[in-house]
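Read from first to last, the chains carry the letters A, B, C and D; within each, the first residue is number 1.
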Amino acid sequence: MIFEIVKSAGIAHKSYFIGSKGAAAVIDPRRDCDIYLKLAEKNNLKIEHIFETHRNEDYTIGSLELSEIVGAEIHHSNKLNFAYGTPAKNGDKSKIGSLILEVFETPGHTDDSISIKLKDIEVSKDIYMVFTGDTLFTGEVGRCDLYGEEEIPKMAKNLYESIFQKILPLGDEVIVCPAHGSGSVCGADIREQEFTTVGYEKKTNSMLKKSRKDFVEYKINEKLYTPPYFRKMENNNVKGPKLLCKLPYLKPLSMDEVKWFLENDAQIVDVRNPTDFAGGHIPGTLNIWREGLPAFAGWFLNYEQPIIVVENKNNFMDEINRFLIRLGYDNIYGHLSGGFPVWFKGAGAVETLRTWSVHDLKKKLEEEPKDESLFLLDVRKEKDWIEGHIEGSHNVYVGLLKDHLEEVPRNKHVVVYCDAGYKASIAASLLKMNGYENATNVLGSMKAWKKAGYPVTKN
Amino acid sequence: MIFEIVKSAGIAHKSYFIGSKGAAAVIDPRRDCDIYLKLAEKNNLKIEHIFETHRNEDYTIGSLELSEIVGAEIHHSNKLNFAYGTPAKNGDKSKIGSLILEVFETPGHTDDSISIKLKDIEVSKDIYMVFTGDTLFTGEVGRCDLYGEEEIPKMAKNLYESIFQKILPLGDEVIVCPAHGSGSVCGADIREQEFTTVGYEKKTNSMLKKSRKDFVEYKINEKLYTPPYFRKMENNNVKGPKLLCKLPYLKPLSMDEVKWFLENDAQIVDVRNPTDFAGGHIPGTLNIWREGLPAFAGWFLNYEQPIIVVENKNNFMDEINRFLIRLGYDNIYGHLSGGFPVWFKGAGAVETLRTWSVHDLKKKLEEEPKDESLFLLDVRKEKDWIEGHIEGSHNVYVGLLKDHLEEVPRNKHVVVYCDAGYKASIAASLLKMNGYENATNVLGSMKAWKKAGYPVTKN
Amino acid sequence: MIFEIVKSAGIAHKSYFIGSKGAAAVIDPRRDCDIYLKLAEKNNLKIEHIFETHRNEDYTIGSLELSEIVGAEIHHSNKLNFAYGTPAKNGDKSKIGSLILEVFETPGHTDDSISIKLKDIEVSKDIYMVFTGDTLFTGEVGRCDLYGEEEIPKMAKNLYESIFQKILPLGDEVIVCPAHGSGSVCGADIREQEFTTVGYEKKTNSMLKKSRKDFVEYKINEKLYTPPYFRKMENNNVKGPKLLCKLPYLKPLSMDEVKWFLENDAQIVDVRNPTDFAGGHIPGTLNIWREGLPAFAGWFLNYEQPIIVVENKNNFMDEINRFLIRLGYDNIYGHLSGGFPVWFKGAGAVETLRTWSVHDLKKKLEEEPKDESLFLLDVRKEKDWIEGHIEGSHNVYVGLLKDHLEEVPRNKHVVVYCDAGYKASIAASLLKMNGYENATNVLGSMKAWKKAGYPVTKN
Amino acid sequence: MIFEIVKSAGIAHKSYFIGSKGAAAVIDPRRDCDIYLKLAEKNNLKIEHIFETHRNEDYTIGSLELSEIVGAEIHHSNKLNFAYGTPAKNGDKSKIGSLILEVFETPGHTDDSISIKLKDIEVSKDIYMVFTGDTLFTGEVGRCDLYGEEEIPKMAKNLYESIFQKILPLGDEVIVCPAHGSGSVCGADIREQEFTTVGYEKKTNSMLKKSRKDFVEYKINEKLYTPPYFRKMENNNVKGPKLLCKLPYLKPLSMDEVKWFLENDAQIVDVRNPTDFAGGHIPGTLNIWREGLPAFAGWFLNYEQPIIVVENKNNFMDEINRFLIRLGYDNIYGHLSGGFPVWFKGAGAVETLRTWSVHDLKKKLEEEPKDESLFLLDVRKEKDWIEGHIEGSHNVYVGLLKDHLEEVPRNKHVVVYCDAGYKASIAASLLKMNGYENATNVLGSMKAWKKAGYPVTKN
């Protein structure tokens, strides 16, 4: 049996490639599906089945794309009216060499959520693995709030049943393969463990120690952020996303062309890291560091206006292209050819962003504790702020900031911090785009603040 | 000044990328044009101009593709009615940074042939380079027979004028950059030298030592092969070839699918090297070794039936794809997933092809000099055969073999040789496809035969 | 927690890279250890601990090499007198971020075999994973015969205790990470499953269903092959292998130099696949296909005479180099520059090897069932031959063939088969090196034979 | 004939790989010589000859390294006592297939400078190319000051003779291949043209239009910078540099280890670009942007103390390693694992460097033209400053700055500019390392200043 995990960085998405005796299946493929073709070729397998554990909300499904090339059958739940593929229901079985993949319905995260049991009948009739989609994660369970607040009690009950009645009884020894890892927004607090087992989850997953009532109660009170692009993904995935065929060529743009786009409402994203952005950037551009694109682009970019990327030396354009395409951003248009140095060598207008170390911040707070002109902005998740923050800080989650600017005073020096200084750079750049003239990014942010032993407050 | 030669192996095509102060031009781009984008990005240049020295016959022009991405202007002669681009005429100038590119007409190879003078005006007003397309090569001049035999005298006169009146007067010191290198069918005997100068050609190119009369006479008597795909390329290039970015992925095919295609008249090409093919292959397949595709696929493959590739481990599919796409084979469809080993492990029918070393052949010819059952077939160019061959051999050029099978007796053991044993493998596989049961490929062929010191005959 | 499996193809070796919060450990690193450095860099981890589950016999340990670069501590059992590293014993704990790695002794495969329990104390105090080295595999247990036949009962008893008293009690939910996968000679019949759990093994591993008596009995009767290079590896690994960074580049050799080496007793290995070798090769060379080197080089190559590699186009020399270096072949010297085509173009002597499809063999056996001149040689493992073979075949395992040539008649046509036609090519080339003039390799061998539905016999 | 130019970025070094009919020669190979092995393998050539046009001063010669692997003969002048290789003199000929390489002595840059004529005798007896080392460049001639000021008249006379008596008479049509391109410090003002011809140089190279007297006079007055590492290179190259064998592994270092090295006088080089450095860096580190290492490391780094590299994500360590190894920095030791983000996340001390756009500078100068607290420092070459600078600026060449700190007032705000803002970042970081507290780097510098149309002054 061939078993490969294909991880998509940033959204912590995991798809699975499994093969046996010449045949293969892919579970939850991503849109840029060349990787599955390579795995198939390398292991001399023909991809015959594709499974979608649910419609998915955080990325564009690659089933149609992959099926177009390899001719595999696409399976997803009959509980949702997909415009393509084969509706699947409890007990449907597919064979891949000596492997049997059996669908069982596990609603709760969504109504169409399915899980898949895997047996290797050459070995035994025992269940070997279970693919749990967004139902059960390592140390966490799926979120139940995607149909709106009023639906949570129902969904949470469903989820509880799915997990306690269907997954946990499979046996302690069964290996659990979820659709997301740590960092995904599809679960509140997924652990950083590649794999787990039913038994290990029973021992260690706090959600699995709750009574049904407590479980549902907990889910009702859970506060999770939903990036605005989720809605677009759901629609795309149910209708069937546009075929990529290949990754689109990005147009190399001159400085003058970028200027034109800047003046004509294009979305210019500077993907350099926060220190690079701080040392100089094009005024009016948003800074989302490259690796942060999968998780944060969906909060800030729309699907209409062309997206232009500013990098340093354009060494990573293929990766950037993939990041955005996975989120359905087919409006990605081009990049500043030659990168940012072209801009400043060409006498383009340049702004800088002040950075502080945590020591600078500490000193400032100590020396001028009453300084009313400083506004300390914490852009982490509300939950993290509640668990501990720097005294005097005001919390607005980075993803919500552009809709909550009224909470941030325009006439003050806004000192922004987050977990490590990356999201704070998004926030600071957003403030500047919105006319804030005095903003500072705290490098290292809470991570460094704690490391330095500086005091943390709880409210 | 940035100067890069982009060579396309097999057809010995050379395109040129030149840049200066932020701008670039490409001369005779190939169809898979990602390489020019990379060069532009690396050197921080914007491609603004594209030149076609003529319509081209041996490959698909990449101007439209490249222009689509970078928005550059395409220049070609106003002597031909191209469906796209800007018609150019004598004296047209384009500026690339400090470089001036000036078109001048040099008909003879085709009516629409142009050459381009390059000056770097920051350095001086002297001509630095000349791009001569298919007009003047290193050690050779362009062929004049593409409009048919009756047009040769006229074309040859034109070519003579173009070279002697327009190119040679530019000055001995001028660097000459032709569109093809050694091995191209666009010139009879192009030298293996990357560059040359006007003065060096005057000293060393035998065609440039001829009187006008002798020159024309020589061209009239010159016998060159014209692969059948040339006609297709000319049409493609004048009309504007289909954009590549719209072409599909190659499909990985199972053994059973390949069998189906084999039985339904698809074109199955085994691109392994001759020894690998000899040790076992799918009956009824044509063997063109991978690196031989650019030069020989055009003799054997049509543009209608799907093309299926059989490789060994499919490590080079990207290269193979490019080779075929450059020849306009948009009907390339897929490849045997897992390569040939999949076939024999799957109990597919397998045939072998006998190989001989030159020593085996020598021994055979010595021991049985009168053996009437052996037919020695030389598939090199007629010219090479005339210059020297193995005694008793019959010559049919590999590209023409399928139309001259009547010259090869079916009831004899056909021993095929060529230059090194590669074209002979094409020929031997073609014979077997056509029902010849007894064929042998001489590994090393004339190259090894001569190296071994065995006798060579002239007729 | 970062968790990566680094597999070494061919010997089915698995090393594990685990990391947490800036620190990492490697378990059973291979000799070419650049991969661990890359993983550390990518995940921003410092490798602080290296574990060897035992001295290892089938490859050269990479601990010293890796430790030299990163300065990590090497842990191995105190039961063997390693010339380097820190002796470990029951209960020794190391900390990697939030992970605790605890050594426990599991003798049986060797006296110095240890296993390692892993807990993530940030998650819970429960055991998450166990690294079982060569003690427990998926579907198999370690071999007990490496100290000689007379020691098997003792070792088997130890192994039984180690597994039943120490590993199985860890809990059904614990993930089991063994040091080898399917195809390794360190276990008789390891399953093709990447991971397993204690519970799944209890349910499916037939060795774990035996009583202690039956277990020991079974191990006593187990017949496993021991490649001769094992002894060298054991010595290397205990003393500390030579550092790789001191080893020279491979020399590119001309045809004449290879000839000289051939005449001076160098070991010339042709690593092309069987069909390529069959179509033509240098007389007197051994054919081990590239991917077969890790598993088979150790049976045929010595550590004294220089090793020269013959490839096709030398595209895979880095991989070949790694394969041989992992087996301690520091006497790898060079390769034929330009590959085998250089040889035949240069008029070198060339031999071919006859190949048959299984259909050819079937037809021959049917048409001339009494043909005494044909000798059918099965070079698979004895066990496989017993389970089913082609009628009339004689079995000698490929690794033992050179010491059992007396069983193969010199005056007959020796038709060799194996599992798929690769090992048979080794055997056929070996026969030819030893003066056998008439040998044939059956492409596809038993795999294709069965696929074709041809009869299989048991004795 | 195979002809490849191997360029080493930053020092604008060009080595040449030429081959014909199975044999190859390399002229002026660099130290990391894997590239020549790849070219030889790709073209199926055996490297038989290596030429050094002179001892070289700006990089470590790769002849010994390459010869060790391929066994080629090393040729260099008999005018210098090299500890290895074969002394060559006027008229010495080597044969590479159909190519004849003939040495002729061309002293002037150094006493041991030789040039090499190349003929392809299969083509004709005419000279095709000449390799001119550091004697004749495109648009420039070699420098004559390396033996000290008093030797310039003699060397310049020699150079004049070498060029006018030996190279120019070869013929206008001969292609000239020099050892350096634009940007090298081995010639004052080499043109950005890949190739040239004798005739084109005669027409365009201003040095070739001078009388002997003017030529010598000009060279006497020429002021060129000599980086301190030149002396080391000369010694290395004459004695024979240490063999690399392979590129040394760099040690991945933790933040704490880097701290230790920082406190113990190691040389910490931050190779990020100026904006990234400006946004935050480790106090006390020198900023040489990555691509600037070949040209500038030799001014600042010594050969004794360990060199530690700080990068961003360590994606380019192989390149950085090569850059430093080519300059003989065998004391390169390691790099901050995880790059600079590790530092600020770990609460390391961070400093920033102010950056200004040219518009910021212009505005400042306009608004406060009499501001005595601002000191404008131009770190370009003196020659460039003389040709035009920003009014009020003081010139110290970046390479000389650390020995001329007394010219830069400590109590002022030092605003540094150069050509584009890269060398200015070196200078600003150096100032900060030397206790200057108030420094600013002008992004874009003169390039942007001119582009913006701001006034330039001549003194």
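One rule holds for everything that comes next: a residue touches a chain if its C-beta (ideal position, glycine included) is under 8 Å from a C-beta of that chain, and two chains touch if they have at least 3 such contacts.
Chains and their UniProt names: A, B, C, D = Rhodanese-like protein.
Just so we're clear, the structure is a prediction, and the values are computed from it rather than from any experiment.
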Chains contacting each of chain B and chain C, listed by label: A, D
Maximum centroid distance from chain B, chain identifier (CA atoms): A
Between C-D and A-D, the pair with more C-beta contacts: A-D
Distance between chain centroids, defined by C-alpha means - chain A, chain C (Å): 40
Distance from the mean Cα position of chain D to that of chain A, given in whole angstrom: 45
Distance between the centres, which are taken as Cα means, of chain D and chain C, whole angstrom: 49
For chain B, residues that touch 2 or more chains besides their own: none
Of chain B, residues touching chain A in the complex: 22, 37, 40-41, 44-46, 69-71, 245-249, 251-252, 254, 314, 337-338, 342
Partner chain D, residues of chain A touching it in the complex: 272-281, 312, 315, 340-341, 344-350, 352-355, 357-360, 420-421, 443-444, 447-449, 451-452
Chain C-touching residues of chain A, taken from the complex the two chains share: 1-3, 120, 123-124, 126, 128, 139, 171-175, 191-195, 197-200, 202-204
